[in-house]
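Both complexes shown next keep chain A, but they swap its partner, so chain B is in the first and chain C is in the second.
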Partner chain A sequence: MNYFESIFAILPILILTGTALIILLVEAFIDKHFKNLISLILSVAGLIFSMYYLICGMKTNATEYFGGSYIVDNMGMAFSLIISIVAILVIFVSFHYITKKYKNIGEYYSLILFASAGMISLSLSNDMMTFFISLEVMSIAVYVLAGLHRENLRSNESAVKYLILGAFASAFLLLGIAFIYGATGEMHFGKISKILLNHSSEYTVTLGSTGLLFILIGFLFKIGAVPFQQWVPDVYEGAPMSVTAFMATGVKTAAFAILIRGLITIFQVIETQTLVNILSIITVLTMIVGNFMALIQDNIKRLLAYSGIAHTGYILLGIIASKVTSPNNMDISPILFYLLAYALMNIGAFSVLIGGGSDGKDLETFDDIRGLGYKNRLLGLCMVVFFFSLAGIPSTAGFMGKFFIFKSAIQSQSLLLYGLSIIGILTAIVSVYYYLKIVVYLYLKEEKRVYERQSVKWNYLLINIISLVITLLIGIFPHIGYYILKI
Partner chain B sequence: MGNSLISIVLFLPLIGGILLMFFPSNREFIPSSRDKLIKVIGLSFALLTFILSIPLFTSFKGGFEEKVIWIDPNMLNTSYHLKLDGISILLFILTTFVTPIILLASWNSIQIRIKEFVITVLLIETGMLGAFVAWDLLLFYIFWEVMLVPMYFLIGIWGSENKIYASVKFFIYTMVGSLLMFLGILYIYMKVGSFDLDVIYRNVNLLSSDVFNIFGINLHVEHILFLVFALSFAIKVPLFPFHTWLPDAHVQAPTAGSVILASVLLKMGTYGFIRFAIPFFPEASIDFAPVISILSLIGIVYGAFMALAQTDIKKLIAYSSVSHLGFVMLGLFAVLNRLPGSSEAIFMYQGVQGAIYQMINHGISTGALFLLVGMIYERRHTKEMKEYGGLAKVMPIYAVVFMITTLSSIGLPGLNGFVGEFLILLGTFKANWIYGVIGASGVILGAVYMLILYQRVFFGECTNPKNLSLKDMSIREIIVMVPLVILMVIMGVIPNYFLSKIDVSMGEFFKMIPNIQLGGM
Partner chain C sequence: MTFFTLNNCIILGLILFSIGAYGVITRRNLLVVLMSLEIMFNAVNLIFLSFNYFLYYQEGRELGQYFVLLVIAVAAAEAAVGLAILVTIYRNRRNVDSDLLKEMKG
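This part shows the complex of A and B:
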């Protein structure tokens, strides 16, 4: 493989890293009044540039670069596109927000870009080394972001908790990688599975599958599946709101990218039935714990954290369905669609929570959002659409996401998946209750009071309108979502 | 325009609602004139919708159809397919007919958030119309669910004290049913490979073949699917024992909400049985017909007794709805009987015809009752029966209109209610006389509780001093009630005009269903 072609293939990642470095440099030299705006323009330009090269580099056939370390295929590209969209939205949401909380603005933007570069690299990685380094690039940037609000104890707690538990997950991953390398002497995903499948030596197989189990645990930790979910609500609650939005969408998308990459390569070694059984138990627990714990929250950030866990459960359901339908050639388009929808409605919801706040405080508890629908009609309308979308009411992206996931589950024609779908639907009914609770506070409480109109900064409005329009558009015409992701 | 008239009628209220959303909310207008302007715009959209829908009804000769590509057909075998046939045309026209009446009736009673109110009512109209004309399961499901959202707000924002409880209960109850139905719809798609109703009707035999073996018990998929669909529709009807959300929703909802619920929304459930549950799963419908008939009978009698025990006028009418809708369900299921020694079943024609007719009747007369209760509630702010008495002397016009509506509701010959109940009981007696006897007792009980209500509110001495100064119906209120009263008489005197619209497609529709024959013609 030509060396320059390889460089061209990872150009999106290079552009992002380069932009991040430029922002760090530029920030030192410019007047502090323009710092924020210039950093915003630079980082969005960098992201759009990198998206452009992502789309240019899109190939119909999967191609490997750098001796197999990177793979460029439709799946990786679609994940990278979602991640780029998420990053752009999050950067716009942060624009006014970070000036309130934080002084060194340049660092914030470059950390987001570093994290995005790590995520894109993660979804394109094809061997153990690349994957682990990308994961750490992403994670370390996000650890710092979570602790951004230095004077705030909860932000510190969040960062430390995330760091320690993240290190725990990294340790599992490293141990797993070491075991597998010990068993096979290979780093490349494809070669590992080839060796593990062909070698019948008991030593290799035992060591290899122990390693795979460790790696699976690491992945499940990153996507926040039960029983590895405890860190999610605490970390989400403490982190600054814009970072929470980034973690809930970007990090989750990247983690799913690598989980699916693993499922179509190294985890094929494990017998499909065993894998499906393990994942099914985890899915059921995730759906149940996520939805029922969300019921009893009084903090909206925590509620969204648990609802995020529940949505992880639905995505896992989709993964199981495609694994059962065709173990070797998984159709992951429903999962991609779901992730796109999930990202849009979550970032939209967080943007309302930030934008609707006054006096430097975000909206965090139910009392904070009382009557928000009357204080600012647009924010209220957006919030309602996003929460009905999260609940899966038709004509929103969330419904179409659930529709495709459950459709693939039913079409697999297996009794196990019928059972999982029924549990999924029953827990979805539970979720309707807590999403409605938000709407109750937005509109139904003290509706007779006359509220002061509240104005909102342009960037929150922009993100809200964009998310609202796309949520409704791909909710009514889902094929547009498929075109966006080219799947 | 001729070809896309259904779509125009369907989306006109939605367009009106969206336009109103952009209506300036700042202080350029004097608040009262601004509110009036909003109401006029909303009303004219609703009226225009009604006027445009009239040609659909008068020139109806068997059906209108529209089909356009919606989602990329390579991805999903579905389309934007609308169709009006004899079963849906009357319900469709009823919806466009009551919406302007509802807006006009709420002219003064809604004091807060008027813009949002008008938008909400218009959105509900589009949702309901869509559910009646959708000829594609996915499209139907979308309308069916979407209509919940504005209805939830209607009860939750403009309702009385306990509105949050009532609105959440309404939403959750309906969601429980419809989400399970959602899985059923996906299963049908997996089997048939299309959401289009024409394709599904042609391939219903594909749905009856599967058998699950769970823990050694054989379960017919058709039975499970039928139960899933039936649960969803039964909650909406509401069939005993799934009716508990209805009294709460009715009592807490504003007048507009109660009228929408009673006139159209509840019909969604019975319509669902005729359109989906019975034709999709004929075998299972025949097997479950006795169960559903008995539940309907319990509903008829139980609803009537509960109505007798109420002191709140709105609650009384809410329970009478449970009883009346029990009749409709009886007309659909009591008349479905397996022929002895054969796999075929016979479906008594009069029962189905009467059920459809009764759906419209109930919509008109119960809707009118809720409007009337709303009018008196506006004046006195109480719905307790004992607060009234002797109103006939104070409000003579009101008393007359209320009397006609009451008589229509209890099925006096010459008014609309009689035709529907008579046809249903005729079909039921032909099929199974025991059901007929119990059902007929419901008619008598219905007369008892309605007349007791009338007597307590209107007759006797006007003892309560607050009632002495009550004003009779205003011109606006008379305009609201007149079309309904006229319709009650017309539908009672020349039922054939309306029944013929139903008949046009009945035979054709039921010919498609395997194992079920129409009988008693």
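This part shows the complex of A and C:
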């Protein structure tokens, strides 16, 4: 493979890293009144450039670069596209938010860009080394972001919990990689699965499957599936609101990208039935625990964290369905659609929570959002649509996402998946309760109280309207969503 | 030198890994928790090196050694971020005890 072609293939990642460094440099030289605006413009420009090169680099058939370290294929590209969109939206959401709380604004933007570079690299990686490095680039940037609000005790706590548990999970992941290296002597995903499938001496297979189990645990930790979900609510609640939006959407998308990449390469070694059984148990637990724990929350950030766990369950259901239908060549279009819909409605919801707050205080508890629908009608309307979408009410993106996932589950015609779909639909009905509870609070009026109209900054309005339009658009015409992802 | 075998090296690595994991779970002082995490990473490095040395080095395959270098770099970055976060916690609380980290519940 030509060296320049390889460089061209990872150009999106290089551009993001370069822009992040430029922002850090530029910040030192400009007046503090323009810092925020210039950092915003630079980072959005970098992200758009990198998206442009991502789309340019799209190939009809999968191509490997740098001796197999990176793979450019439709799946990786679609995931990278979702990640770039998420990063742009999050950067716009944080524009006015961060000036209220932080002094070092450039750091924030560059950390978001570093994290997105790690995520894109993660979804294109095809080798244990690239995979581990990109995972850590992403995670370390997000650890710092979670603790960005230095004077806030909850932000400190969130960062330290995320760091210790994340590093603990990485250590197990590394142990798994070490075992697989011991069994095969290779790092490349394709070569590993080839060796494990062909030279099946007992030693190789035992060591290899132990390693794969550890790696699966690492993946499940990152997506926040149930036996490993304890960190999610605490970390999401303590982190600054815009960072929570980034973690709930971007990090989750990237973790799913590498989970699916693993399932179509190295995890083929494990018998499909065994893998499906393990994942089904985790899926059922994730859907049930996520939805039922969300019922008893009184903090909206925490509620959204548990709802994120529940959505992880639905996405895992889609993964099982495609794994059962075609074990070696998974059809992941429903999963991609769901992730896009989830990202849009979640960022929209967080943007309302940030934008609706006044005097530097975010909307966090149910009491805070009481009467928001009267204070600002547009924000109220957006919030209603986003929460209808999260609940899966028809004509929204969330409904179409759930529809495609359950459709693929039922089309696979296996008894197990029928059962999983029934549990999924029942828990989705439970979820309607807590989503609609928020909508009720939005329009709950206290006696004798006149709500003053409250204006909202332009960036929140922009993100709200973009998310609202796309949520409704791909909810009514789902093929537009598929067109965006080019699948 | 019959003691210096693949199995013994792996067992040593696993023992170190378990010690580290035990430390992360039981210790209250966050500084000690970070140290335990370092022990876990270094135990994995030892396992990598022993696999590489005993199984693949004679054939001229050195991938495991390179991976160890990457892991060392990542562990250093993680330790740097971890210590920075601990410093901010210490400034706010004058204490780095994990028992005090219970602002959030539910």
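The rule is simple: the second predicted complex is superposed on the first by the 481 of 487 C-alpha atoms of A that agree within 3 Å, B and C clash if a C-alpha of one lies under 4 Å from a C-alpha of the other, contacts with A are read in each partner's own complex, and residues count from 1 in each chain.
As a working rule, a contact is a pair of C-beta atoms (placed from the backbone, for glycine too) under 8 Å apart; a residue touches a chain by one contact, two chains touch by 3 or more.
Note that the structure is predicted; figures quoted are calculated from it, not measured.
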Chain B versus chain C as contact partner of A:N299, first or second or both or neither: second
Which superposed partner A:N156 touches (first chain B, second chain C, both, neither): second
Partner chain in contact with A:D367 - chain B first, chain C second, else both or neither: neither
Chain A residues touched by each partner, larger count belonging to chain B or chain C: C
Touching partner for A:Q411 - first (chain B), second (chain C), both, neither: first
Chain B versus chain C as contact partner of A:E271, first or second or both or neither: neither
Touched partner set for A:Y482, first chain B, second chain C, both or neither: first
Chain B versus chain C as contact partner of A:E136, first or second or both or neither: second
Chain B/chain C common contact set on chain A: none
Sites on chain A touched by chain B in the complex: 374, 377, 388, 393-395, 399, 403, 406-407, 410-411, 413, 415, 421-422, 425, 428-429, 432-433, 436, 440, 443-445, 447-448, 477-479, 482
Interface residues, chain A side, partner chain C - complex: 128-129, 132-133, 136, 140, 143-144, 147, 150-151, 153-154, 156-161, 163-164, 167-168, 170-171, 174-175, 177-179, 181-182, 185-187, 233-234, 237-238, 296-299, 302
Residues of chain B touching chain A in the complex: 25, 70-72, 75-76, 112-113, 141-142, 145-146, 148-149, 152-153, 156-157, 163-164, 167-168, 171-172, 175-176, 179-180, 182-183, 186-187, 189-190, 212, 214
Complex contacts: residues of chain C adjacent to chain A: 10, 17, 20-21, 24, 30, 33-34, 37, 40-41, 44, 47-48, 51-52, 55-56, 61, 63-64, 66-67, 70-71, 74, 77-78, 81-82, 84-86, 88-89, 91-93, 101, 103-104, 106
